[in-house]
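In what comes next, chain A is part of two complexes: it sits with chain B in the first one and with chain C in the second one.
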Partner chain A sequence: MKAPPLEFHKPDTVEAAIAVLADSGGSARILAGGQSLVPMLNLRVAYAKTLVDIGAIRELAAIEDAGGYIRLGAGVSHARIEDGEADGHCSGMLRHVARNIAYRAVRNRGTVGGSLAHADPAADWPVAMIALGADVEVSGSNGNRKLSVEEFMVDVFTTALQEDEILTGICVPKASPDLLWSFQKMRKKSGAFGEAIAAVVHDPESGFCRVVAGSSAIGGPHRLAVLETALQEGAVDDGAIQDALTQTIGSLGRYEMQIHTVCLRRAIEEVRT
Partner chain B sequence: MAMNETGIGASILRREDARFLEGKGRFIGDIEIPGMLDVAFLRSPLAHACISFIDTPDDVADRVFTAADLSDVKLVQPASKVPGHRIVAAPPMASDRARYVGEIVAACVAPTRAEAEDLVERLAPDFEMLPVVASMDDALSENAPRLFDEWDSNVSMETGFDSGIEEIVASAPVKVTRVLDMARQAMVPLEGKGVVAFWNERDDQLVVYSSTQSPHQIRTALCEALGLQQRQIRVIAPDVGGGFGYKAILHPEEIIVAALALKTGRPLRWLEDRFEHLTAGANAREHRYEMTAYADDRGRVLAIDAKLTTDGGAYSVWPHTNGFDAIQASGILTGPYDIGGYRVRTQTVVTNKPPLSPYRAVARPGACFAIECTMDAVARAVGRDPAEVRLDNLVKPEAMPYKAITGKEYDSGDYPACLRRAMEMVAEGPKTPAPGRLLGTGYAIYTEHTAVSTSTISHIGIPMMPGFEQAAALMQPDGSLELRVGVQSHGQGMETTMAQIANQVLGIEPDRVVLRHGDTGLSPFSTGTYASRAIVMTGGAVAAACDKIAVKLREIAAHLMQCQPSAVRLENGLLKGPSATMTIAEAAETWHFRPYELPEDVLRDGLEVTGGYRPDGDKGPFAYAAHAATVSVDPELGTVELLDYVAVDDCGTRVNPMIVDGQVLGGVVQGIGTGLFEESPFDDQGQPLATTFADYLLPTAAETPMIRLDHSETQSPYTRFGVKGVGEGGAIAPPAAVVNAINDALRPLGAELCAVPATPQRVLRAIFVAEDRAKADMETSQ
Partner chain C sequence: MTTLSLTVNGRQVSTDIDPRLNLADFLRERLSLKGTHLGCEHGACGACTVLMDGMPIRSCITMAASCDGVEITTVEGYDGDKLMARLRKAFREEHALQCGYCTPGMLATAYDIVSRLDRPDENEIRAELAGCVCRCTGYRGIVRAIERCIAEKSA
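Up next, the complex of A and B:
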């Protein structure tokens, strides 16, 4: 369980990191907290000729109030959010999500940007950030671009990032103080990945409403738009949730259907009451 | 037995803890030998394959070794006296055929582990896939592929016992049948396995550091494999971070590293990593019990009829073979109950999985799970409280010593009192479930043959016979004491408890006693630490050696005090004569430094002795415990929260009650792992699916409630100080207690779970079955 030889870079600016990525011709990987990548390299199930450690890039560690949204640097650790550095937004949802990711040791090193860029279908941030309607900022050789997290998450372990691009920040829109949210994660035990995750966000003031489910079994975060409408119109029963899951994801085994349905129903109920 | 502040019964702090807490323990991974190279293995990626060719790049040919390079290594054969038992020893390296994922195919040697793994990656093996036997059902299916071409089936061993139960079968009013499954598990000691080996020219010895529970056993096996005399190998177990049985077997890596150290002339090291452990080491617990209980209409069990199938994996481990689990389970399946009829058949099958190995308490967690879930099912069938039904069935204290239908003799104890105490304690525990959750309480009780004896093992015929245990006691010139024992302490706290026993006999302060253990170069022979035996066997031997020292000290003192040795008493570390008192140190100093003060012919043999011990009549004492668990089940998600756990145990005299608590607590948490979380699943191609801790789930503090303990102390009539073993016990009952609690919670749904671990998926599946049955019943009735 030791990684093969690799080249290691630790640039201190985003530009320098992009330059290394551009030079590597696709054989480089960005190292953020390393909580997924390092074990995968050690197990030799992921390979990189070059590692670009972004831990020394100070601007990636910033948390800023940017007017209409709060901007989390991609290198902000789960632990900092758990400890309240992004409080005052989203009625405590960010803190709740952060606190329930894996174990504290993982949260100390793991980062929000790393979680999104890794695109594990069972990860928490992709589900939460889609539910909150967040955008990501991306920088590359051809300049900067901004896209929604939904667009960013292309598929299981696949994002919209180009070979020479780096995720720099996550922009979470500010919500009204009345924001209603629920984040339901069913797992086999503390610290384990979610077997089923459901996030519901509803801002009665703006009418913003998102229903998102995630897990390995359903292949990543999926918005369930039908339920977003239904939720605002009245009660949502298990049959409607099952139909929405089937329409969006396809057929599911009985166990998977049950746990996703229950997590979604509980999330919806919590927001509605 | 007088109780003193540091002797038997005192909860003194563990003397070994300071070095562990300060990070100063010395484990295999801490050992550095100049010029040492690391070994990494190419392991079979397929569960069943022909190995036709391993292409080795020319530039590294001298650093890559295959089975052909070990052709002079002799296969170490486990043995069995069970009629018809077919045993195939695991070859250190597969030569032409690999039979499980993780089986070693080649070894690569390099200055660092990373470079050795780089070498492994450059090898281009050519595997031809063979049909896979991935489960016990596969193994027994018609036209199943065969692991061994010369066998006519995949059945390795069959045993049976029948006390004659036909009459009960014909007449019993209640018959209950259940099929109960234990999943395959890995043992996951905190420290993985590891070996360092090098040749020491001056001592004419191969020195093997191994993270093992049984240094002398490993030496025996290595001598056989390498054709060396026993004096030519020294096996040293340094600090060992947990064993649990995983380190009581011979590992192929021990042979390979030792053989290659001889071949290359270089010190070599292999350290198991977690991936290796969770794949090639997924080797424990996989049993299936088909249980039928015959009872009267009050739930008094009259007979048990059982069929046990164990998944033995691909080969037989040395020394236990693949049959140890089945033999043990079938020998204890009636548990602590007075059951008059018993019939059992066992079948051990071979599959393309790692070889089944004994894990903490071996087959007892399985046997306890089987009988205790059956007991609950009987109680349900007769509509009575499961604890009350148990009380009616337990062996009564007045029946002790009790000869069970299995032939085992339960030496002492009050099983009903133990269960009643657990009932009382759990009744005081939390009883309020969260809204929408179901609450349940479950019980499990067991009796455990600890310090298993020669006569218990001899009929099985494995090449490891625990006979007399020995300890050397070397009184130093200043009166301090060095104890040398062949067992190995890897969490048991023996550096503390053996000093307490010396204190009990000699009155010597524990701080003036040191225990040397786990080193064949220092200690008398021992088969090692396993089977909850050390406090009974080694404790008895340490006491015997100290007895001899006491006689000698009194003789010295008698000469110096001018009285008869019989007039000298040894009290609190002082030698007291009719007219004078002297310290142990003074007596020891006199013999060593002032021999002129003693008559010429006194104590020619000095103050270094070896004492030997085994219990009276070669009887291993039975420890026992009753556990109770309260759980909260989410019936929609299948998740289980453990709200309360109670364990009431009796291990006879407790040498150090605090250490006993630690043993019980650790065992219970491991048992909770077996009951709720731990599982090594394989797919239908024999590929392991839990290869990291992301998938192999262990209990942590977050899943563990405050475990509440109580004890009674029923002294064994057969052992020194009345002690019984306690190392394994905690792990026996939790799977049964937890599942019985879950089933109590699921009762309103008509659902019942019959397998561990009780993952959400299994719990929900049980609920689905009940739902479907209810639906079908409704349709039928319409």
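Up next, the complex of A and C:
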């Protein structure tokens, strides 16, 4: 299958990209690494009259130490994070997450911002970034705004981005060197999307604690606040995990309940030991 | 139409293209480089893997228009490359191919594994290869060929 006819723009500034988006009346889509969007265009399950390729916007490729947080430009590839360019923060969690996304050929093109903006419920970065308490920076015709990744991820394939807005960067707070984290993914084959994903982050120094699960079956990343409290108070058993899943997501099939429970249990146990 | 200017196998190419064209079709249909094979056309099989600026990428899910200014190496473009010569010899001798459809993508991926990673063991090699599908060999020969090139590298 091939992509349908489309217009192609490759602006070299964020402002120029916003101008194309604003002119398109909602028919333009941003093309970052294209590792999800292009196959979806090829299979005709996504539609774009205009593609705005942001690969030439240099500021989107920067990784900066910004004091209290590390700022990843939205166009930073998974491979660069895998190779350690964002190391020194989050005790290796960013690198671990990046290394386990798809395949190297995909990681060379796919970007952290693209993953968040695409909002696939089975994607890794939305789960990981919510667990780390990261924020996103967004630019549009009406200026810039900053919001948490949790607020940014609205629903399945839906974000808080307006038609004329572009995700420019992700701000990941610096954690103490004692940060405890676990990222668990259940999949049948290396490189495949997770059928269940669980991330737990606990910073004993600051008391920051997040438990997040994601997958297509549960419709995207969900924080399990009950488990965050329980984890800090003592042991968490499978019954508590199942109750939290049911309470947050609703009823799940037996298989889905089982794999999400196991993923969460493994993640919680890894952080507690 | 949109203009595209890039280097393919050391040759400078400047042309107008239909913006919906993917890189694999551009290489095959416009440059007659038929060594790049299309299997699934949605990034799942790895047959179309080529090197972009020395890094493996999937040409079926890369828009040609995104490739302005880059350097592409296809399976036809490794003249005089010592590592690729070793890989080809090892693939031949270890029976790492049968029908050959996946081989261009396997070679580009193997080239990356041997040059980027220090001393990957069999499990790492298999994990790195997971994005490339071969329906003939059962992978054993491909893994052996890559293991041989890694052993030669650090010998």
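Things to note:
Here is the rule we go by: the second predicted complex is superposed on the first by the 273 of 273 C-alpha atoms of A that agree within 3 Å, B and C clash if a C-alpha of one lies under 4 Å from a C-alpha of the other, contacts with A are read in each partner's own complex, and residues count from 1 in each chain.
Just so we're on the same page, a contact is a pair of C-beta atoms (placed from the backbone, for glycine too) under 8 Å apart; a residue touches a chain by one contact, two chains touch by 3 or more.
The structure displayed is predicted, hence computed values, not measured ones.
In the superposition on chain A, no contact is made by A:L252 with either chain B or chain C.
In the superposed model, A:R44 makes contact with chain B only, not with chain C. In the superposed model, A:A79 makes contact with chain C only, not with chain B.
Of the two partner chains placed by superposition, A:A61 touches none, neither chain B nor chain C. When the two structures are aligned on the shared chain, A:V262 is found in touch with chain B, with no touch to chain C. Ranking chain B and chain C by residues of chain A touched puts C first.
Of the two partner chains, chain B and chain C are each touched by A:K2. In the overlay built on the shared chain, the residue A:G191 is in contact with chain B and with chain C. The interface of chain A with chain B overlaps its interface with chain C at residues 1-5, 39, 43, 189-191. Interface of chain A with chain C (complex): residues 1-8, 10, 31, 34-35, 38-39, 42-43, 51, 53, 55-56, 79, 102-106, 108-109, 189-191. Within the complex, the chain A residues that touch chain B are 1-5, 39, 43-44, 186, 188-193, 195, 254-255, 258-259, 262-263. Chain contact summary for the complex, chain B toward chain A: residues 112-114, 117-118, 121, 273-275, 636-639, 676-677, 692, 694, 697, 699-700, 702-703, 759-761, 764-765, 768.
For chain C in complex with chain A, the residues that touch the partner chain are 2, 18-20, 22, 25, 41-44, 46, 49, 52, 55-58, 60-63, 65-66, 68, 109, 112, 116, 126-128, 130-132.
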